[in-house]
């Protein structure tokens, strides 16, 4: 059964900027969908900010294995209610690939619990990405390092939690470094942050970058059925305990009561 | 210079329930303040939900090294604005000790990025806490394991991110287990989650529990000055780069511009 | 292509003890091989301590995707040279499942870098295993918790490094707890420690335990080709650097020289 | 009470090479001892390879809080017995600072359980070290990044386990990156790997590098008394269990017996 990827894009630069439109005539989301199509075993849909519910209805998320996210100028326009919905689905097992400027997206920040800040520069400099574990599924088919001729610089400190795995570190021509490939687990969901992808450069046309995107979607897909109760706090009554008990001492709660939240 | 601890308590059960009032006549916050006073080297203040700004003004947080948090029935009443303020201070370096039912507090959940759910039972059963690293600062002076005669049960799965260190695991009489001491780092701030402390039992009168509280506050205190820029994304112009550059390729941003958020 | 699992067993209790022989007439290795055979997609071979090179020749390890290890009384008889060979293959990408008393095997200890000690008791007590992330591949098809009627107790502190993921925690009837399912990454190799399996009880006949074994082998299999150079320290000459350099300052090494080890 | 640091140095280049002798007339160990002396609160001793027992007697290690290690050409000459002795003391709580080429030392490799390999080049290039958490004790007083004018290059992949914290990442003029400050916990002992320090350059005369050394020794010092039983596997008899038990089912071990190793 193919993996169901949903590519979400803010889709604003493509409307407002001729240069971006020229690089990505189908939108960044369209180009990423094409890249994932080439990877094999992935079926794609796309969604954008200006669609109703940002294209992220309950039903659509239910039918998504991995969500790919690209946002930049309009993080603040994404409704909190939709962010909570996406977050809940990640906890239940949906994978999330956060790309480039999505480090500041509400969804990524809410899953990290940290500022996710960094330093940056738009000077078209060379980015060289070093692969720390070439045998990781996300690195399948990659060389030991690869270069992107023109990229925006992101520099450390990148204020994120220590990851599960540091997969990529970038070297920038101007002298900075950045952890550009990081994995996380949040509830049943796997998360991959991947740095490259400034909208002013044709990064998502790069065959190695496209390879990473396909690998990442495959890695982030959790075939288990959704962990629907991940956000619940069930009461286990004393007589239904694994080792049944008599109640001792005083009590505040009545039997079978819901916990406070 | 002594560590400045601020103990925050919802302080609702103490008003509404005679049993809790009898166990904690000074409030849970008062009892914890007394415990920290015994630890030496810590000066304490307290704050409660019903004070203006929940007692958590900018100025007060500025002058707090470690915040201790106890909440249960009224997590939803804590204002989002205050939660963001506390979160920002943790990122800057303030320590946070989240106690017992605070697993579901807005502040703890927002720093973890996960549901922080668990199963539970109020049956006054025995909790036996095993110490995984007796040489950790938080375990200073503790025995290899210790018991609390009556406690509320919390059971796994506890949906939190994999911690920096798993320090304590609890065994419950009714058959469950729980990771009851976990450390995290978020930005410059250290976080410790400590499970015991159901309001219907005199847990915070227990000398070993009091010892853990004092140790945890000392561990969580970051003597460095606040990381004020932890949430900023500074632009580094091409001519101020560590290796100065000429701009290459196209650009979207003008020099010195703020990044999008 | 099926996963090639090799089950290594010390195979001593089966020779010396009638009880163990009765529980495992084909040896523990034979029973585990049968369990893996049921999982589907896995082909198995077995090897034992008393075979030449302990059954772990270079060629055999080359053709193994995942090694399953059970040892107890004769850890000291495993030759250091063979341990180094196995360790090197794990670094290159072979998975390793360390079972029960293998916590003290040379191979597990050498990969952890810690004592891997614990407390223990052989009293036939109940072990209840709690699953912390039911959506992890190793937990596929498991209930929220499961019991083994008679098991040896292992108690914390278990002196291992903080794992990648804590998957299982055991509750013992006698009052102890233990992290009974832990994942690690060492080089390109994935490692899973799984606690149950005392030779005096029919643990590996338990259908849930068998399920874990099959899941773990599938999880630990790294489909990438071996990372042959994982143990090499290549010199990158100044004129072959990604950014070619002139040599500056003094030097100790001549061009193209091997590094010291 | 001051921290007792012991600086161990191979001390071979200082004998064989006039350049190194000129840079470090007191030996690398002597220079590091001087640096630690400036940090305040640290008393130092030194030990070298050619002393009896490499200067690392049981008694001396007993009286050491933090061991600093520098080795390069003679890793293989360090006796396995001494390595095991040092490893045991780290497990018990002694801190370890592994410097530069000590990535390939027996003691560091044995504590990591991985190859600890990397790529390298001796071309006197610039190393720029980025600080990922300026509020970490090891980074106290450091700027956001600092440069070493001439250093040996070490490049990723550095085959070590995922650390507790990634503190520093280096940018090299020739195009590589390296995780140059990593923290680990092994048993009760804290470990810090710090990259800079090629013997052909005056790196340990650099005031910022000296500052890191002092900070690291203070961070790695564990004030708790030694965890003497970290390597033991105590039996807990059924009648001495936290919850006393009757023995059920069959048994292989007699009461009070030592476990197998």
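All chains are identified by letter, namely A, B, C and D, in their written order; residue positions are counted from 1 within each chain.
In this text, a contact is a pair of C-beta atoms (placed from the backbone, for glycine too) under 8 Å apart; a residue touches a chain by one contact, two chains touch by 3 or more.
A quick note: this is a predicted structure, and the numbers were derived from the prediction, not measured.
**Student:** Is the number of contacting C-beta pairs greater for A-B or for B-D?
**Tutor:** Of A-B and B-D, it is A-B that has more C-beta pairs in contact.
**Student:** What's the chain with its C-alpha centre farthest out from chain C?
**Tutor:** It is B whose centre lies farthest from that of chain C.
**Student:** Report, in whole Å, the distance between the mean C-alpha point of chain B and the mean C-alpha point of chain C.
**Tutor:** Once rounded, the distance between the two centres reads 36 Å.
**Student:** Find the geometric centre of each of chain B and chain D from their Cα atoms only, then give the gap between the two centres in Å, rounded to an integer.
**Tutor:** Centres of chain B and chain D (C-alpha means) sit 31 Å apart.
**Student:** Report the inter-centroid distance (CA atoms only) between chain A and chain B in whole Å.
**Tutor:** 27
**Student:** Which positions in chain A are in touch with at least two other chains?
**Tutor:** Residues 128, 133-134, 155, 162, 164-165, 171, 175-176, 185, 187, 242 of chain A each touch two or more of the other chains.
**Student:** Quick one: which bits of chain C touch chain B in the complex? Just the residue numbers, please.
**Tutor:** Touch residues, chain C against chain B: 128, 130-134, 144, 155-158, 162-166, 169-172, 175-177, 179.
**Student:** Over in the complex, which chain A residues touch chain C? Could you list them?
**Tutor:** Going by the criterion above, the answer is residues 93, 128, 133-137, 140, 145, 147, 164-165, 171, 185, 187-188, 222, 224, 227, 242.
**Student:** So in the complex, which bits of chain C are touching chain D?
**Tutor:** Listed in rising order, the residues of chain C that touch chain D are 13, 17, 19-20, 72-76, 87, 91, 101, 104, 110-115, 117-125, 149-150, 153, 155, 159, 161-162, 164, 173-176, 184-187, 199-201, 229-238, 241-253, 259-261.
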